[in-house]
Amino acid sequence: MKPSVGIIMGSDSDLSVMSEAAKILDKFEISYELTIVSAHRTPDRMYDYAKAAHDRGIKVIIAGAGGAAHLPGMTAALTSIPVIGVPIKTSTLSGVDSLYSICQMPPGIPVATVAINGAQNAGILAAQIIGAFDEAIYDRVNAFKSELKETVEKKAENLEDIKFSAYLKNMNK
Amino acid sequence: MKPSVGIIMGSDSDLSVMSEAAKILDKFEISYELTIVSAHRTPDRMYDYAKAAHDRGIKVIIAGAGGAAHLPGMTAALTSIPVIGVPIKTSTLSGVDSLYSICQMPPGIPVATVAINGAQNAGILAAQIIGAFDEAIYDRVNAFKSELKETVEKKAENLEDIKFSAYLKNMNK
Amino acid sequence: MKPSVGIIMGSDSDLSVMSEAAKILDKFEISYELTIVSAHRTPDRMYDYAKAAHDRGIKVIIAGAGGAAHLPGMTAALTSIPVIGVPIKTSTLSGVDSLYSICQMPPGIPVATVAINGAQNAGILAAQIIGAFDEAIYDRVNAFKSELKETVEKKAENLEDIKFSAYLKNMNK
Amino acid sequence: MKPSVGIIMGSDSDLSVMSEAAKILDKFEISYELTIVSAHRTPDRMYDYAKAAHDRGIKVIIAGAGGAAHLPGMTAALTSIPVIGVPIKTSTLSGVDSLYSICQMPPGIPVATVAINGAQNAGILAAQIIGAFDEAIYDRVNAFKSELKETVEKKAENLEDIKFSAYLKNMNK
Amino acid sequence: MKPSVGIIMGSDSDLSVMSEAAKILDKFEISYELTIVSAHRTPDRMYDYAKAAHDRGIKVIIAGAGGAAHLPGMTAALTSIPVIGVPIKTSTLSGVDSLYSICQMPPGIPVATVAINGAQNAGILAAQIIGAFDEAIYDRVNAFKSELKETVEKKAENLEDIKFSAYLKNMNK
Amino acid sequence: MKPSVGIIMGSDSDLSVMSEAAKILDKFEISYELTIVSAHRTPDRMYDYAKAAHDRGIKVIIAGAGGAAHLPGMTAALTSIPVIGVPIKTSTLSGVDSLYSICQMPPGIPVATVAINGAQNAGILAAQIIGAFDEAIYDRVNAFKSELKETVEKKAENLEDIKFSAYLKNMNK
Amino acid sequence: MKPSVGIIMGSDSDLSVMSEAAKILDKFEISYELTIVSAHRTPDRMYDYAKAAHDRGIKVIIAGAGGAAHLPGMTAALTSIPVIGVPIKTSTLSGVDSLYSICQMPPGIPVATVAINGAQNAGILAAQIIGAFDEAIYDRVNAFKSELKETVEKKAENLEDIKFSAYLKNMNK
Amino acid sequence: MKPSVGIIMGSDSDLSVMSEAAKILDKFEISYELTIVSAHRTPDRMYDYAKAAHDRGIKVIIAGAGGAAHLPGMTAALTSIPVIGVPIKTSTLSGVDSLYSICQMPPGIPVATVAINGAQNAGILAAQIIGAFDEAIYDRVNAFKSELKETVEKKAENLEDIKFSAYLKNMNK
């Protein structure tokens, strides 16, 4: 099946974070591809990837990068399909550098930025974008949100039933 | 014509910024509605707006807010259509408070955050989201990016032709 | 006994911090309830909780949340009883995001914000609010502050009596 | 009438901000006193003020200060009635210094911190604290919030009726 | 004369800052070219410019950009000649966003970052780089630094001679 | 009279701030000298100044600088008399850069840092240091603090006597 | 022997940091006392301590505190002897809160602020202050700085003699 | 062989970071020297080192320092050869203090600042500076960048071939 979402990241050190985007797309049964594209080490690869994406049927690109994180913004410069940026947490500046590098784009070239390390949310946002025109996907996102609600409600019930100290003990088991 | 995009903001003091989203959607000939919805002063209005949006045919919501900016995130909590957040610059913290309040959403509920005061980019992103499934809109975004390119190229040519001091003088005229 | 204080938090991962509020209220013999209410995952539950609180006799709500922490501010938007906000420390931004999201409320809807992870202080503040009209509670807060004073004075005496290196060794035992 | 709320500030340069607290208390018909108490220039005055407040019938203290803002926290150290802190915006650090100095109190001594320059909200919070035990005041806060809601709704209606460019022009008149 | 230094900037709004680099190179009699190259609006132009620079005889590139400032880092990714980055001050984040986006480059692709708005220093640094292998240029930089020294010494002498209040009055004339 | 305090600054653009240190020393009748010493433009001058200070009878040095503010720390490295550092507010980073550059000295070489633009306080601190061994100076500092107290008390009295709106009007006259 | 320096801290959890001040004073053979004084938990004790210090012969006070760190500034408000402030690193804001709370004092009441956790430097600064009027102490500080110099020079020599990889191995032994 | 690059650092605690600069210069077969020069503990050594560097044939200096990091800027003040600054990560402020102290140099004295802990990039930048006039070195930098590209491409190929969960497992082996 042709992928609808392209997940790219600047380095394989970002994979443990970025794989959360893939997992949630799997859950929504949305096809995707996942690879490494470095803005700084493989600029030609980035150009080719971004310029070809639309013709290859990609609907949304999710791009994760850390530090001077140029991959999401440059990808957005090279295509007109929506690009979601995931700022990766860094060891020195905790990802504030990544966040500013991705979010503060100039007029004309937006990047849809999610939270630092928010790759799962990037996947959900991609699903919502596709779901804007595909009711089946929309319904899956809706169902997922209902699950979230029920999980919280069950935990709340449980916490109300037992003393909080008991709940805390159970959590640490 | 039924609006495809809902533009909402927490206060009419955000209108001079947020109207940039409307202007660019006008340019792309995408229908929209624009109104004031305050998360804190009109929470019921926000609930009703967000919950009804999908059934009313809205494809994307653009929400702008400043300070403890809860409107984009709460709207995203109440609907499954994509929500774009515009952090409004604040007089005390320059919009870093708005940015963090909008961007740092928990797993499950993404907001597509653009730059501080980046309302024009929010409009372009909405167009790109619709353009992912509507080639006519995609082509308009593409054409807009070509215009941007040509404007830069013309300015560059001009700057290369004349001394920079002359160029600066022309700018200040 | 009907609870006077409602302690709510966005996720059970906040419980180890937020339980400090409960512990100090236990010490002050102030009745409370404690549960999970997520602004983003259970917005309807939050609406119902906040809107019913006053009629159920709740005098003060303590709300803890992290990241784009909307629970305290939204609760404050939905009730007119005082809301105390506890910014939870986050792994990426250390709770500065939580602090700004809770503290920087717009004119009209205040949240009484305490320190990052300051749940014990939230409990004391709730007691002080109740104590403003209940001398017995006021006296308990006063007594608690005297205890704090005496603990410091005893430690100071001890530190003055022995060499600081000995004191440090005792601390690390 | 004996004042229920004490409004103090570190310097008369804070008065234009802090008077917003007084104005809203006037609106709620809550009696207050307002004066200057500097933690650093009049520490004895601060001690006397804070220690006498409870016996003088003060229910809540609102304290505003900027920079190394010690007035709210020291007042809270010297009394057991609730203290609301207003971080004043500073010319160098925009009030982040004030916010941290007021909010980050150690376990045992809370300050109910509002937004930078949020003196109006400090007044509303004081009213909510009193309203927790005085239904008449509670109702006035409730009515005030309804007014806020109606103001937003009227503006929203107006904005929906006319083109946003017309609305902007009216604003700038 | 073939230019030794290429000065590029993301927008002509950066020209008033970036022209300082040109002025100091004029003073050092180092040939340069100056133009607009936008990473986001003219990505192909940036590729062509950066890839051709070495063969065209450019020794150093000075690149200025603001916000999510990708121009210096992407240029550095596309050439092996040294790239000096000038973070432009922004209206919302004062250039901290530009600084992080330019400075925090990943291993392998350095950008020589100067101070926010430090375009004159970028020009001096370019001269120092050329001066590392060209003694005439080295001597000019040296002479320039002597001038700076003498200017400070003359001002110091003047300030020591007259009362500081007189000096301040002279400055404000 | 031989000066007891040396006031130095990196540039005459710092003079309007740094002259506050001189004015307060005038008030305390403490002799001082005031001049320009740039760490970066006149490093030899700085060496000579700092190394000779003790033998010339200087008891305390006050050094003001902005941005990458090296003058206070380097002066402290070159002498063993106490050095007070004044971080000058900068146009881009508001003096946070100056503050960090002055305050975060490594073990072995302290700088007594005051607030951003806190030159008056630097003068008072110098007086307090001299006053530690000179009771006449100590008494003058004490008297100055009494004056501060009385000024606040008079303003407080005035504010308590008239309505705050009248007080504000008087301030703006 | 009557102490010349008073070392105080807000909590015994600050002792492992603050003891560095004591150790260096021991090295300089300067008498000191060391105890716990909490601005917030023992405000009366702080008043008494600060007000009595001068008459008890204390020449300098070193005060360490974290978070909303009011101890140094309040002590400075209550005495006219010089106060050195040590901002203690905090678990949430890394001591930026402590730094701002200590450093950003208003005109009239300076605190001589050292680096975050810079207690050793606080001790050295106290020695320098005493050394300004006591040549024997001045000479000891001078000698200490020579030791520092020699330590660095020896390490440098060693590093130049052996390969850096060998040096690193020796460090990790 | 006479060294072309001088690598200096403020303390041997910076060696594990700074040795990355040496390793990459080894790879490029560029001669260097490496030693410890502390701006604050050995200011005379720093003066001598910086002033002699040009005559000793040094083409570029790489200087690493942390906190109030004055070594790169002071070295740049004392020589006219290019100075590359490496801000070392600090335990309290994560290297933001180092970054500001190194980067925010005043007009006239630039430091070529790389990322926090970016010593490898400092080495590459030094090679690029030398490569601007030495084609053999230029070619080695070019070859190194090709290697980087190929490494990424191989990893990308591998990641595309196997499931990401398998790739992650291999990484953690």
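For this structure, a couple of remarks:
Each chain gets a letter, A, B, C, D, E, F, G and H, in the order it is written, and its residues are counted from 1.
Everything that follows uses one rule, which is that a contact is a pair of C-beta atoms (placed from the backbone, for glycine too) under 8 Å apart; a residue touches a chain by one contact, two chains touch by 3 or more.
The structure presented is a predicted model; accordingly, all values stated were derived computationally and were not measured.
Where touching is counted per the definition, the chains common to subunit B and subunit C are A, D.
Using mean Cα coordinates as chain centres, the one most removed from subunit H is D. Averaged Cα coordinates give subunit A a centre that lies 33 Å from the centre of subunit H. The distance from the centre of subunit A to the centre of subunit G, each centre being the mean of the chain's C-alpha atoms, comes to 47 Å. For this pair, subunit C with subunit F, the centres built from the Cα atoms lie 40 Å apart. Taken residue by residue, subunit A touches two or more other chains at 11, 41, 67-68, 92-94, 96, 103-106, 108-109, 111, 115-116, 145, 148, whereas all remaining positions touch fewer. Remark: the chains found to touch one another pair up as A-B, A-C, A-E, A-H, B-C, B-D, B-E, C-D, C-G, D-F, D-G, E-F, E-H, F-G, F-H, G-H.
Only residues 89, 94-96, 115-117, 145, 148-149, 151-153, 155-156, 159-160, 164-165, 167-168, 171 of subunit A touch subunit C when the two sit together in their complex.
Residue ranges of subunit B in contact with subunit C, taken from their complex: 10-11, 39-41, 43, 47, 66-68, 70, 73-74, 76-78, 90, 92-93, 96-97, 100-106, 108-109, 111.
Partner subunit B is touched in their complex by these residues of subunit E: 11-12, 15-16, 19, 22, 33-38, 41-42, 45, 67-68, 91-94.
Those residues of subunit D lying in contact with subunit C across their complex are 54, 59-60, 80-82, 84, 99, 103-116, 118, 120-122, 124-125, 128-134, 138, 141-142, 144-145, 148.
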